[in-house]
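Here chain A shows up in two complexes: once beside chain B, once beside chain C.
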Partner chain A sequence: MLPFNVRLERRMDFPWWRNALTPFLSVLAALIVGGAFLAIEGFNPITVYRALFDASFTSKFGITDTLTLATPLILTGLAAAIVFRMNLFNIGAEGQLYLGAIFGSWAGLTISEGLPTILGVTVVLIAGAIGGALWALPPALAKAYLGTSEIITTLMFTFIGLFLMKYLIFGSNSAWRDTEVANFPQGRKIPPEARFEAFGNTRLHWGLIVAIGIAIGIWALIRFTSLGFDMNVVGSSPNAAAYAGIPVRRTVIIALLISGALGGLAGATEVAGRAFALDPNGLELGIGFTGIVVAALARYNPFAIIFVATFLGGIRNAGLALQSLPGERVPVEVSLMLQGAILLFAIGGEVFGNNRLRLTRRVTTADAIAEATA
Partner chain B sequence: MTTPAIAAVAATKRFPGVLANDAVDFTVFAGEVHTILGENGAGKSTLAAMLCGLYQPDEGHVERNGEPTLLRSPRDGLAQGIGMVHQHFRLVDRFTVAENVILGDPDQPRLIDQSVVETRVAEIGERFGLPIDPRARIADLTVGQRQRVEIVKMLYRDAEVLLLDEPTAVLTPKEVEALFITVNAMTAAGKAIVFISHKLGEVMSISDRVTVMRAGRVTGEVATADTDQRHLAELMVGRPVESETRRATAKSGQADVLLECRGLTLSIDGQNAVDDVDITLRRGEILGIAGVAGNGQRPLARLLAGIDGCDAGSVAVNGSSVTNHGPLAARNAGLAFVPEDRLGTGLVPGLSLTDNMLLTRPRKFLVDRKGARREVGQAITDYEIKTPGTEAHARLLSGGNSQKVLLARELASLGTEDGPQVIIVSSPTRGLDIGAAEFVRGLLHEARERGAAVLIISEDLDEVRSLADRVAVLYRGQIALQGRTDDLTIEQIGLAMAGVSADDDVGASPAEVAG
Partner chain C sequence: MNDTAFVLTLAASVAAAVPIALAALGELLSEKAGVLNLGVEGMMLVGAVTAFQIGDATGSLWLALFAGALGGTLFASIHAFLSVTLRANQIVSGLALTIFGTGLSTFIGKSIEGLPLATDFKPTAWGPLADIPLLGPLLFNQDPMFYATVVFALIIAFYLNRTRAGLALRAVGESPGTADTMGVAVGAVRYVHVMLGGTFAGMGGAYLVLGQVPAWSQDGTTAGIGWIALALVVFASWKPLRVLLGAFLFGFARRANFWLQGEGVEIPAEFLAMLPYALTVLVLVVWGTRDLRRRIGAPAALGVPYIRDER
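Then we have the complex of A and B:
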């Protein structure tokens, strides 16, 4: 037995710097642990991390590719954050993203042609948001009226969405499938009017600006509107919400629909900015699930989400670059492992941010009596 | 009698941010009742917890019969003959009395002989005035009877020191009398009793000695023979206390009816939690709803405030019907409600005071934080609210300060056309120190003077009697008695709280009434 007792005590003070410091320390700890694994595998962690950093952040195409990957992560991060902060756990942004892609590409294929680009793209985005929101609607209604756990329903809807998307391309001659290509099934390309314009000769597109704009919009919604205020109250104290006459069910449904719409937007942005078609292989990247990590690391703060999404986008981007590291073939899984470690440490960091670890000496009866009467 | 049965010697206990007990000395001798008196948060329960083994002192120690001892757990305490009767009972509803008594008793043989247990439970009941059927299920017992089971449980395990934590809080006046008979029987049998309370009248009548605590320190130890209630109150608060009663001066019989409910009924789990309740409340009067906890106070308040819908009946505020129209309709008609659960229902613990001020304000598209911040700032000055600032989270406030914030919000614009006409306050001063309680009572009187109608719902009979112009007693969801405060004796109210109607034989023996 340890000679002392270990106890967690709730902290009574919450200075801002601790909030800001916790994610950084979590990331640092994850890099150290990841480094240990790399070292065990015979790689030099410093070399690998430097290569990772170079590949994602310092080279010109590195940074633009990183931001391209960050764009949908910002949106799925917001999708998670807006409801997680209300203790509503929509973990189905992944599925909502697929539906956003399905709806968005449909709109791009059927409506956008001939429209000015700005309108053509807007139509894709709106359709995507509607698709995502529709996918969140059944779980939202079940949550509000039946009390069904949204964690289970949104997750199950993710798989329905995934197989629906795969069916549309691989399993049928749907309107989304390019029937002129015979050898391998793929999605029909959306017209140029439905595509985001790229910056220069990079892959980075206007979707990033849209995502940042939406992050600001979500921040304003939470901070300044009565809807945002009611969401705060419902999230932190349903009893107080009922007392104040806030329509709890309606607020829960609206919040989940906004979350779903954000997931759908992420899918539409991928279609309009990167895939240009309903491309199951190019969309099934876990962007929705990674959004949960983004939101957690950003402590549900919309501005922090932009930066965290960029950071995690960089780690994903580096995954491929690492494979071609001269002399050292680092497996692509390293980036996934790092991402997992970061989430784990972020959750642990949360505990230590809110609590203080206290070690107290374990005393025996004889000790205590001797001390007390000394 | 020279060595105390149990003693705390310079016992100090800290919790994060709080010094709960600061070098407290406390002794109880066999055969006496020693009361720990103090306001909420004074450290009474912490001291009791250290004496029974629930907490261990950070500094100092506990002595049993003059010998230092270390109590690691309540089980250690019981093994040394120290038993605690908690305010919130620890009984299994589906078990019988006898089963509960032996539950967790390490001295029971492997094969339990129920009849032995039942005989002993009956014996103990006989000896200490605790009549109880050993085969009754806890679920079928009244609160007073359940308390007896807790005491029997301790006596069954041969506890020589009994700690009773606010035992009278849940009892009717008659049940309190019965409890005191038991306490006297126990001291006569040589047991040491530690009685925890903040009710001065009871303390004076039951104790031999009183230790008064304030803010974790002992402020005085006196024999009840040498003191009086006023002196104890001063030790408790740390300054002289004035108590005054201001009744409505005007005859309110002809004033406008501001709150009226007729035949209000709500069934919860097949039982009528609120049963055919009629209330008429007029401008300029305070009506107090008295009753033992759990007789429908909470559901009644929620029905009147529109938070829950009723099964039958009607509610009208200021002449307009708000029956089952929700809390917004009631508020728009001029009703303000201060719930008993201040942090969690009345206030959102995780939001700032500014945001909490917005909770019951009308919604526009954008929230008006600037206005709310001004309002909170004003309230902090006017109500002397102690807080780090307007952006501090509500959870950081003490009971008194959160009640002040709530009242500041709900009584805002009092006396104007938009202001509240009807004010419902549940447990207005529960958990408040005497200063804050005085302040709250003053506010409610002021609201009445300014033309509001006030409804107070409280389990504290003294509070109801001192505040209200009229009293209504709630028993099993029904109004059992109603009348002007000055026309009703405490005995009449007490009987009504116990469910004895005026038609019954008022001369029934105390044992029957309490049973």
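Then we have the complex of A and C:
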């Protein structure tokens, strides 16, 4: 037993400098720990970090690639944020993303051809949102009517969706598969009308603008609409909400469907902006799971999500970019490891920012007697 | 009859069940203490890569297994610190653990990717017992880790239901406030069981490289077994012995293709891979409704941080 009690106390004051400093200190701590692992493996941490930073945040193409990778993360981050802030834990954005990609690419292949591009892309996005929402529907209904924990059901649906997507490309001659290429199975390419336009000669596409627009929309939904109000009340106290006449079940279902639709949109933007086909290997990157951490680090604030997603997009991009850099060979896995370390430290830092650790002397009975008789 | 495709498939399913069962038993302990840990996949990967490195360096099977278990335990302590001491959201912390574990294991496993491991667990036949029809190949011709897993499940079942410490553990998962009043150190109990969860996940990961395919590859080694283990805990309704049976069923889903193809039945591999998740949803929806939840055994305080001040 320790001779003192460790207590976590909620801080009462929130000066701006601490709010600003916490994330930086968290990232710094993560970089130090990551640097230790790098040093053990025989790399110079400073060189690696310089290369990482340059690859993602200083050159024109670095920045545009970073933003391209940030786009789906913004959407999955929003998907998590809208429900997590109501204590509803849809952790299935990953699967909803796959279904969004399946529905979106189907619409692109069958409907978009011959339409003006703006319509062709819109069709893909709407289909993707519907796909994602449909995938969230069974967990939403089970939650609302049976009280089944959405945590497990959405997680299970993620993997059912993953194998469904794999089946469509690797396991069958479905409408999604390009049957003309004989070698490695791959998805059929959607027509140009169904694709986001890119900015200049970069890979960055209009999906980013759509994602930012949706972030603003979600912020407005929470802030200004009666649905947003209902969601807040249900989130803080379902009993109070029911007493106030708010339809709790309906609000829960709608919130989960919106969340699913956002996950589906992430899949659709990946199809329309990056992969141009249903590409299981290019989609199975944990974008949905990472979105949950993005949302948590952004404290479920839609605008903060844009910045956190960009930061993580940059780290992901650096991993890819480092492979093609001349000079010291930096393994691509560094970025994956750093991403994880930063996430863990940021989660811890968040708590330290809001609370203080207090050590108090443990008073034993003997102490108390000694004190009283002294 | 013991060399028919069906019996061989069943025997292979038993072996495939071992890592799933180990990881699920660990997660069960953690969840019984009220802490959901979505980091199973990450802990298994860390266990696997540690076990490979140590096995490669020392040539000792048991040392490698121990290293894998230790790696998983230490890795789980991150989740314990974040979710118990700092009371971070368990879902977020667990997922971050999986992301970090994936990255860390890929990074330290870079140099050993695809290399073979010289030492591995081998099945031992129990003399004439191994020739018993059906039961022989299933139960009496397995490697030591299979028997260890069965023993672990029995010990955990006994611990949960028949010991004082097990009662305290269940109290912490059901009603931490009450447990605290009764003098149970809620935080300590949670720490211990989250870390034990890591021990078992690490062992399960170690077994993957020491028992199944003696090589390390980041996307091939675990292949989602950590997530299946999470499903299994629910499927088995938080009961250790059911974990064993469920693991066998889920293991069968991973190995059934060999037999089915011989029988001329073409079930796409992807559908078999979906099976554990679909069955778990079914179990949840059929038996997991609000009124029946207590009966299936979900700890009431699962996922809820315990804060004494706010009691």
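By our rule, the second predicted complex is superposed on the first by the 340 of 374 C-alpha atoms of A that agree within 3 Å, B and C clash if a C-alpha of one lies under 4 Å from a C-alpha of the other, contacts with A are read in each partner's own complex, and residues count from 1 in each chain.
The rule we apply is simple: contacts are C-beta pairs under 8 Å (C-beta built on N, C-alpha and C of every residue); 3 or more make two chains touch, one makes a residue touch a chain.
These numbers were taken from a predicted model, which means no experiment stands behind them.
Put chain B and chain C next to each other and count what each touches on chain A; the higher total goes to C. By the document's definition of touching, of the two partners only chain B reaches A:Tyr243; chain C does not.
Look at A:Phe224: by the touch rule set out above, it reaches chain B but stays clear of chain C. Touch criterion met: A:Val233 reaches chain B, while chain C stays clear of it.
Looking at the shared chain after the overlay, A:Ala198 reaches neither chain B nor chain C. Once the two complexes are overlaid on chain A, none of the chain A residues touched by chain B in the first is touched by chain C in the second. Chain A meets chain C in the complex at residues 6, 8, 37, 41, 84, 89, 91, 138, 142, 146-149, 151-153, 155-157, 159-160, 163-164, 166-167, 170-172, 286, 289-290, 292-293, 296, 331, 333-341, 343-344, 347-348, 350-352, 355. The part of chain C that touches chain A in the complex is made up of residues 36, 38, 42, 78, 81-82, 85-89, 91-93, 95-104, 106-108, 110, 224, 227, 230-231, 234, 268-271, 273-274, 277-278, 280-281, 284-285, 288-290, 293, 298, 303.
Considering their complex, residues 9-12, 224-226, 228-230, 232-233, 236-237, 239-240, 242-245, 356, 363, 365, 368-369, 372-373 of chain A touch chain B.
The residues of chain B lying in touch with chain A in their complex are 9, 16-17, 60-61, 68-70, 72, 305-307, 326-328, 331, 337, 339, 341, 344-351, 355, 358-360, 363-367.
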